[in-house]
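Shared between the two complexes below is chain A, which pairs with chain B and chain C, respectively.
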Partner chain A sequence: MTRHALALAFFAAAAVMPLVIHDAYFLDSLVVILIWGAVSAAWNLAGGYAGQVSLGHSAFFGIGAYAAALLATRFNQSAWIGMLAGAVVATAAGLVIGYLSNRLKGPYFALATIAFSQVLLIIASRWRAFTSGSEGIPVPFRPGFATLGFASKTVWVYLVLALALAIYLAERYLEVSRMGYRLAGVREDEDAAEALGIPTRRLKVAAIALSAALTSVCGTLWAQYVGFVDPFYVFSVDLSVRFALNAIIGGLGSAMGPFVGSLLITTLETYLRATFSGIHGSLIGIYLVIYGALLIVLVRFVPQGVVGWLGARARRLGRHARA
Partner chain B sequence: MAALPQLLVSTVLLGGIYALIAVGLTLIFGIMRVVNFAHGEFLMLGMYLAFWTFTLWGLDPYVTLWVAVPLFFVVGLAVYAIVIRGVVRASHNVQIFTTVGLSTILQNGALVLWTGDFRFVRPWYAAVVLRVGDAAFNLSQVVAFAVAVLFTVALFAFMRWTHAGRVMRATAQDAEAATLMGIDTDRVYRLAFAIGIACVGVAGVLVSPLYSVYPTAGLQFVLLAYVVVVLGGLGDMVGALLGSLIVAGVEVVGSYAFGSAWKEVIYFVLFIAVLLFRPAGLFGQRGAESLGA
Partner chain C sequence: MLELDAVTKRFGGLTAVKEVSLTATPAEIVGIIGPNGAGKTTLFNVISGFLTPETGRVLVDGRDVRGLAPHRVCALGLTRTFQLVKPFGGLSVLDNIMIGALTRQTSVSVARDEARRVAGLCRMEALAESPAGALPIGLRKRLEVARALATRPRLLLLDEVMSGLNPAELAEMLDLLRRLHGDGIGLIVIEHIMAAMMRLAQRIVVLHHGEKIAEGRPEEIARDPRVVDAYLGEEFVLADA
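Let's look at the complex of A and B:
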């Protein structure tokens, strides 16, 4: 029950806040929290639910970002078409990677995915004729719904909120569906699941492909929101780590976890950036040092994540209250 | 095929350097079964050590080398005690994210302290080119190769013929049985990790005259080292040496054929191919169970 309450509080707060607070900086933070939460939730499909921990998800994010930017600049297409195209390409890429790396476990799957995102980074940053190379692509701003050009940050909050909510609800549904139980079986004990006749291979590939498609959609929205696609950012390993980090801090394989993780991490980042940027320019990297330390401490001492930890606390409190 | 001698010489020299980076990684993996995602960052730290001692005190990297061995050994002991020790027996995911966290800390720590500028170590011999027949090569490449081979051979001898080496191999084979025989596995892991870090730190110092130094310099090398280690069979030192030569060969021939801008793509594709088709390595099956092959 606590999980429903947490989700309700989170999404309701996100929906109400833009009506009350009109500060651009605040709304920007809200958009960013929701976007990173949504990507991490997409990552969670593969990493949390299927146990395929990827450190190359920035590949799919970058595919989405580039699809929209390239279709808009080179072929004069709407960003919605770009979003669709990105999702199709990312699904195909996810299917290929998922199928090829099916035998790999744990660190090897992570390494293979890193290598994949690096290949895309090199292609995007070297193929100057098509992708403008390492200079990146400015995404043209064309106002209107059809071109995904919104000047109002409030509109962006609701757009991203809708996506976040859709991913959240899909994962809640997954948890109680047949596929969800089967995935849990694959994650916990693949051999046992296989012995029970569960098509483990197909399930893992499907989870990765779906995760890739959703990550790509987030990438498109992000590119449209920020207005610029930089290959060294969108395909970076740091970004992939960030997707994973939110989910791990919030709780692996929990639908609400990535959003809670994103809320904590993005707030921390915004705070640290604001604190340190005034003192010395290069100190800006210090928030990443704190990130890293947080990651080490959390996976060691709170491996179930904040949501899991809260849930356990709530259950304990409930028992005390009854006794 | 006029280029053949040059390609051969370049392959061997490059392979020697890759081997030194990879033996530390294969040692840590082979004995502890921990994949160290922060391995490249220690290489980067070695490069910065060489850069600063050279820039501030004019110390030649080949002098710094002898300081780097004990220094990185101690760094390895400290990192093991603070970060790694608690996760040696933890799940893969916990190990991955612990070492990824470590890598994030070191990379960005370097960025904060020393900025993202590309730095160069240019001792007098950096520009010296030797010519033998049709092949030309850089003097520091030759030195790096010689030292790398020296270290790799020394490590191999250590593992093979000393008591400590035998204890380490026993622990790698079966940690539980080793414990029952009275081996303090925690000490073994500590030693393995420290030696592995010392190797890669030395490698960083050695390559500093050849490559630019910057906070994420370790990333491309560590991915390369993983290719080598997986190719050679996890935990297999001789395999790592052969794997290094193969990877270096692919890189050298690939750069020659397609231009050096695309050489990274070649070894990443090679990496993915190896993981897919021969995850247990070209020569053996060791460690195969840990990657689910």
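Let's look at the complex of A and C:
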């Protein structure tokens, strides 16, 4: 019940805000919060629901971003085609990474995913003839729905909100489905799940491939929104860590967790950066120290994630109310 | 339905299971006993598909299942439990059992009903909503059996589900296992302690250093000099039986 209420409040607020507030900076923050929330929710399918923690999800994000940019600039295709192509390539890459998850456990799997994203970074930044190398690719802005080009930030809010909501609802459905319960078994104990007749390898691969495809779709939208694809950004470890962090802070394996995590972390980062750089020139970089310290505090005292913590608080309050 | 034909499993230079042959059917309770390191759990790992034997055959209904993934062995009707229990600690007792039921059942709501029924059979209905990770060891062992039972096995492979239980829990477990046997489910029971086994099994197989050194009815086993020898130095008192 709490989780439903939280989701309703979050998504309703996101839907109403563009109607009330027209400030471009604010709307931009909203789009960014929703996109990072959506990617982290996609990451959560592998990292949270299947228990396969990846630190290389920027690989799939970059595939989606590059697919749209390359198809638009080299082959004059619409961004929707790019989105589809990116999702197909990311699914294939996800199958490979999923296969790795059956060979490598825990930290070794995480390291392999980092390596995978860095291989893509090298290809994207060195293959000058096709990808323009380290210069990156500007995504042509062609207004219209068919080309995914919108000047209005309000439209972007609703577009990204629709994607975020779709991923959220899909995960809520997953949680109460046969596959969701069996994935929970795989996450809790692979050997026990296998002994109980669950095809653990196939399920993990499926979860990782789906996670990769959705991450790629987010990458396409992001490229269309920002209008530029920089290989050192889209394939960065920083970005992969951000995807994982949002979900871990918000709540691993909880559909709402990544969105709450994204809201907290993106807002905190933006606020700290705005407050501690620029005006106080001597304190440039101090925001990272504060940011890091706050993350440590959060992980130390709310290890189950914000959503899990809120749920436990609500249950305790409910008991008090009945008592 | 299960037939092991001269199965050998080696780990490097160590032969954990050496040319062991045995059969089991849903009609009986087979006990496997032996001192620590006799190869009992390795034998279960071989039967359930977690390990592939070097030589010999593992036949289920006449079909060789060597190399089959454990979930496929389960699908054939053989479900094993783990000596070091592996509950899905973050999930409720009912969800644990339901995940077992979902192996034969595609509908979540039907599987949940089935899990309730199995929980009742195992006298765990009052604990249905408790987190499995919070259960004491005796109840964890029972959950291990309940969850395996929910997969509707024809043959249950139980790895030391009676060790570590207090006398009341032990009596309850024995009662449960006898009821399952009465329902036509075959049991292969590994136990370190002979006393409980003597009261339960119709046929006992004794492993020592990976080899089968004796097989027979409990009273025959208790008198077998090779068995007494194998247990020398261990803290077993066969007279307990």
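As a convention for this text, the second predicted complex is superposed on the first by the 300 of 323 C-alpha atoms of A that agree within 3 Å, B and C clash if a C-alpha of one lies under 4 Å from a C-alpha of the other, contacts with A are read in each partner's own complex, and residues count from 1 in each chain.
The rule is simple: a residue touches a chain if its C-beta (ideal position, glycine included) is under 8 Å from a C-beta of that chain, and two chains touch if they have at least 3 such contacts.
Bear in mind the structure is a predicted one, so any value in this text is a computation, not a measurement.
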{"item": "Chain B versus chain C as contact partner of A:Gly285, first or second or both or neither", "value": "first"}
{"item": "Touched partner set for A:Arg126, first chain B, second chain C, both or neither", "value": "first"}
{"item": "Which of chain B and chain C A:Ala65 touches, first, second, both or neither", "value": "neither"}
{"item": "First (chain B), second (chain C), both or neither touched by A:Ser177", "value": "second"}
{"item": "First, second, both or neither for A:Ala193, with chain B first and chain C second", "value": "second"}
{"item": "Which partner, chain B or chain C, touches more chain A residues", "value": "B"}
{"item": "Touching partner for A:Gly106 - first (chain B), second (chain C), both, neither", "value": "first"}
{"item": "Chain C-contacting residues of chain A that also contact chain B", "value": "none"}
{"item": "Residues of chain C defined as touching chain A within the complex", "value": "48, 50, 69-71, 74-75, 79-82, 86-91, 95, 98-100, 102-104, 106-108, 111, 147-148, 150-151"}
{"item": "Interface residues, chain A side, partner chain B - complex", "value": "53, 55, 100-101, 103-108, 110-112, 114-116, 118-119, 122-123, 126, 237-238, 241, 244-245, 248, 252, 282-283, 285-286, 288-289, 291-296, 299-300, 303"}
{"item": "Touch list for chain A against partner chain C, complex", "value": "176-178, 181-182, 184-185, 188-189, 191-201"}
{"item": "Touching residues on chain B, where the partner in the complex is chain A", "value": "35, 37, 83, 86-87, 90, 92-98, 100-109, 111-112, 115, 219, 223, 226, 230, 261-262, 264-265, 268-269, 271-272, 275-276, 279, 290-293"}
